[in-house]
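Some structures to go through are shown next.
Paired with chain B in one complex and with chain C in the other, chain A is shared by the two complexes that follow.
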Partner chain A sequence: MNEFMFFINNVLIAGSVSGSIYAIGAVGVTLVFSIMRFAHFAHADMMTFGAFMVLALTTAFPAAGASLGMPTAVVMLPIAMALTALLAVGIDKAFYKPLRAHGVKPIVLVIGSLGVTLMLQGVIRLFAGTGGQNLYVDDRKEIFRMVLPLEGVRVPVVITEPQLYLFILTLLSVVALHLFLNRSRLGKAMRAMSDNPELAQASGINTNTIVAVTWVIAGSLAAIAGTLLSLDVTFKPDLSFFLLLPIFAAAIVGGVGHPYGAIAGGFVVGFAETLAVFNWNILLRPYRDSFPDWLELPTNLAFVGTEYKIVVPFFILVAILIWRPTGIFKGKVI
Partner chain B sequence: MNTPTASPNEIAAPRRFPLREVVLFAILLVAVLGVYALMGAAYSTRMLVEAASYAILALGLTIQWGYAGQFNAGVMGFVALGGFCAMFFSIPVNDAFWNTELPGELGRVLLYLIGAVLVVVSVSKLDRLGVPKKLRSVLTVIVAVVLYMVVISALRGVTGEIESRAGFIGGLGLPAWVGWIVGGALAGGVGYFIGHVCLGLRSDYLAIATLGIAEIIKAFLKNSDWLTRGTATVSPLPWPTPGPAELGFTLARALYLSVTALIIAVIFFLLHRAYHAPWGRMIRAIRDNEISSAAMGKDINRRRLEIFVLGCILMGIGGGVMTTFNSLFDPQGYLPLNHTFLVLVMVILGGPGNNLGTIFGAVAVYIIWIMSEPLALFLMQLAVSLGEGVFGWDFPANMESRALQARVFVIGLLITLVLRFAPKGLLPEKIKHHG
Partner chain C sequence: MPLLEARDVHGGYGGMNILNGINMTLEADEVGVIVGPNGAGKSTMLKAIFGLLLVNQGEILLRGEPIHNLPPNKLVQKGMGFVPQENNTFPSMTVQENLEMGAFLKPDSVKPMLKQVYEAFPPLYDKRHQRAGELSGGQRQMVAMGRALMAEPSVLLLDEPTAGLSPLYMNEIFARIKEINAIGVGILMVEQNAKQALAIADKGFVLAAGQNRFTDTGAALLADPDVAKSFLGG
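Our next item is the complex of A and B:
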């Protein structure tokens, strides 16, 4: 049973943590894709920017959280979300809108977003330096250890405080997104525009507003994802190229332009990663005596080493592009 | 994007004097001479050799992006592959590895790998023998997972042994140019795989996949200590020309420069012929209007794959030339900024689809890039002293490493500005109009 607890810690919890982060990131990417029809490469740097805003605010007011009984970083998150949303709208106005007005191919917008990526990276590293920093400036990271009341179990299930916040915030944002897309007027207009932009415009939907709203949502979701990631580990300014691949893989697995698919895709990629780096020998250990003698299992039965984690989303991406390029839920545009 | 506005003047225009080209290259020549005067011959020749290596990369990207409209966001990966091959073929043979039984062990693992692939492929064809398709898929996955585990465990054992007893497997002791050619072929092979998966789909997917494969290649080269010594780096790499020890820095580098110039000249000539051949016309037709060229009976995906692989081959060769010149193989030295985005700026600024413009862009951007480093440091120093003196600010200690990040910002800004205001570059592609 202890081996099983180990499995829960290393696969179930770790997988849902990275799965939630990828899911929130992928929702933003997929929304931008469905409205503006291009792969937004600067999304991972928007995540970093959001986390950096939280870091700056937390450093400026380290004691703000104590009065509310929450970590300061979580208290500062709404402000960072607003700032990142503002940044996203600003970037669109300054860089993407002129290109769209020129009627360029989507791939030119992709290159433009790579330019924006570099600019954001430059700015963030100029101010934050290149090393890692902890978002818990003045608070202490609580760690909960629960020993399940089962016979012979000694290894506790370990959940940290930021992981709890992560699960709560992921759930909240998914529910909020669902309500927004299905109940509100703007959300319905967004879905109409993603289905058919010309028809949406002809029926009186202001496409400029929809574009701005999309950026606001994408920006604030990026801020949440980036902050949660940095809370769970540390804030690093140069994560972006490693985050982009799993996020895009998640969006494509779920079917591009399909927000619920992106959430599912995020968890698929997250669990695939943790399952691939998990050492399966640990689970087989209790049954070692029942194996035949000629079968000598190596001590390391992980599919890939942690240093090759990035291979997993790439493998998923290639597999889905070969066998089902529309994604598991059939996205709208391929 | 390159839809020509066919004005009647252009159609009838006779062959005019290439004023723009002459002026731009004259400015470039002045800049190069200026660098020679300021920084000395040895430094400037090194800069020119590096610029020439970048020009090979840029030519590879210009045929992908300029000729065919494919965006490769992972130039770095192909450069690293070329660099690895240049290192592997040229450095001396490691006797500590070859005189043991380890090469045999490694060969055995490779045989296992080939056997495993054959078994998996044959299991995946079981449906032809009447096995239901679902059962076949399940069987294939199970067999693939088990055999993968067997092979990877054997490989981990052997590579661990190699690392502890021989360090790494060493090189082959062949001339460097063999490595360049094999590097090009290997890069082309990886390009074929990626292109085969992505080129039939939206163009965005190619960008995502190339970005991913570049990071994977880098991770592989960085962590495979048995093959590349990983972060310990390999140096020195022998040159195909006499090295600085025999001729002195300037002359040796000048000789190397002539080798790279020869490579560029050959590539340029071949590309020029291809561009004006029916093949080049077909490629541009596909870029400009896919549907009409498909209607004319062109095999679009096949042509796209051809051109993508061709570009990747050039990047592999360029990476080999660059790494051999640096005389140091450091997997961590391959950076997306230096080896992907800088090349992108060279191409879109110089003129995508125009080979001469691309070479101009490569040399010009590289000079600016190299010269901006001391400039950025100087400006930062100025800002720090001003800030401390006038406003009493307290600056963190690692200002130098941060100052260099300003260059990242400038490259990004340049990309967006060029796309917006000069999408055809300084030397636009010349489009012939047949009246």
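Our next item is the complex of A and C:
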């Protein structure tokens, strides 16, 4: 049973943590693609920007959280979301809109977004420095250890405070997004534009409004993902940039342009990563006595070493592009 | 004052003119049908009226007000509805959501208009929670027309509403078009099934090479031996 607790901690919880972050990131990427038809490579750095806003705000008002009994970073998150949404709309106005007005091919927008990525990283480094910084200014990252009431179980299930916030906020974001897309007039118009842009225009739907709404949602979600990731580890200017590959893998696995697919894809990639780096020898340990003598199992039975975790989303990406390019939810072919 | 008027309209895509001086007049209670051989500029004319391509000479008037080269969303506000020939639904959205999108600019009239559209197209009510992409061609055409009607247009432009439909469905769609016209919506449509369309038309416009060849009532055009010989296959 204790071995199984290891499995819960290292696969179930760790997978849900990265899965949630990939899912929120991939939803933003997929929404931008479904409305503007280009892969937005600057999305990861919009995540970092959101976390950077939280860092700046918590540094300015370090005591804001104590009165509410929450970490200051979480209290500042809504403001950071608004600022990141503003940044996203501003970036679109300054860089992508003029390109669209010229009727350029999507690849030009993709290259443009690479430029925005470099610019954002530069700006964040300029102000935040290049090193890692703790977003927990209160310095009381609570760690919950729960020993399950089962016979012979000594190893606790470990979950930290930011991870709990991550799960709650992921759930809230998904529910809010679902309600927005299916119940609200603007959300339905967004789906209409993703389905058939010409007909959406012929129905009187204003393209510019929908584009702005898309950036507001993408920016806010990016701020949530970036902040919670930085809370779980530490804030670094290049932290989210390394998530670009798994996030795009998640969006493509789910079917590009399909928000629910992106959420599913995020968890598929997250769990695939943790399952691949998990040492399966731990689960086999209790049965070691029943193995024949000639069978000598290596002490590390992981598929890949932790330091090579990045190959997992890369492999998934290649595999899905070869065998099912439209993704599990049949998105738009790219 | 006519509902819709086109005076000497020239236009096309990127410098190449397809329309070389077209004149049309449609009264508020009329069904107008545009027929003619392939490449005559029938659909192009409809797109020019709906602001989807550049009119570089002449003018288009809606109740006397110039509307040429206005963007489609402005034209929807002014009471014009357009049903394209292809891709005329939102395939991943339900029938009801498709209709709701038609009244996007008038959120308050969604409920009463839904009721009206379901009365005009009873099959749609039974399928209202089904995705439009899963429907048959004829039902999709009804969704497309219903969506355009949701905005309470005063004039409806239809691009080949019966293309690809069986004769049974074709008659059904023509009957619905007459009904829509009877409640006070002017209709201007392009049709390949020229004989059947002219039979229900108050006014027919026979185009060739981007210009008017014959303009008369539907019945008179059907009876004209010249029109029959050159354009209706004898």
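Operating definition for what follows: the second predicted complex is superposed on the first by the 330 of 334 C-alpha atoms of A that agree within 3 Å, B and C clash if a C-alpha of one lies under 4 Å from a C-alpha of the other, contacts with A are read in each partner's own complex, and residues count from 1 in each chain.
One rule holds in what follows: contacts are C-beta pairs under 8 Å (C-beta built on N, C-alpha and C of every residue); 3 or more make two chains touch, one makes a residue touch a chain.
Values in this document were obtained by computation on a predicted structure and should not be read as measured data.
When the two complexes are overlaid on chain A, chain B and chain C sit side by side with no clash.
Contact with chain C, but none with chain B, is seen for A:K188 once the two complexes are overlaid on the shared chain.
Judged by the touch definition given at the top, the superposed model places A:I310 against chain B, while chain C stays out of reach. By the touch criterion defined above, A:L245 lies against chain B but remains apart from chain C after alignment on the C-alpha atoms of chain A.
Shared-chain residue A:T58: touches no atom of chain B or chain C. Centres of mass aside, this uses C-alpha centres: at chain A, the angle toward chain B and chain C in the superposed model is 90 degrees, to the nearest 10. Once chain A of one complex is fitted onto chain A of the other, the partner contacts of A:I111 are limited to chain B, with no touch recorded for chain C. Chain A is touched at more residues by one of its partners, and among chain B and chain C that partner is B. Touch criterion met: A:A200 reaches chain C, while chain B stays clear of it.
Superposition on the common chain places the nearest Cα atoms of chain B and chain C 12 Å from each other. Judged by the document's definition of touching, no chain A residue lies at the interface with chain B and also at the interface with chain C.
Note for the complex: chain A touches chain C at residues 185, 188-189, 191-192, 195-196, 198-206.
On the side of chain C, the complex with chain A involves touching residues 50, 71-73, 76-77, 82, 84, 87-93, 97, 100-102, 104-105, 107, 147, 151. Touching chain A in their complex are the following residues of chain B: 1, 69, 71, 73, 148-149, 152-153, 156-157, 197-198, 201-205, 207-209, 211-213, 215-216, 219-220, 222-223, 336-337, 341, 344, 348, 396, 398, 401-402, 405-416, 419-420, 423. Across the complex, chain A meets chain B through its residues 38-39, 41, 95, 98-99, 102, 104-108, 110-112, 114-123, 125-126, 129-130, 241-242, 244-245, 248, 252, 298, 300-301, 303, 305, 307-308, 310-311, 313-314, 317-318, 321-322, 325, 333-334.
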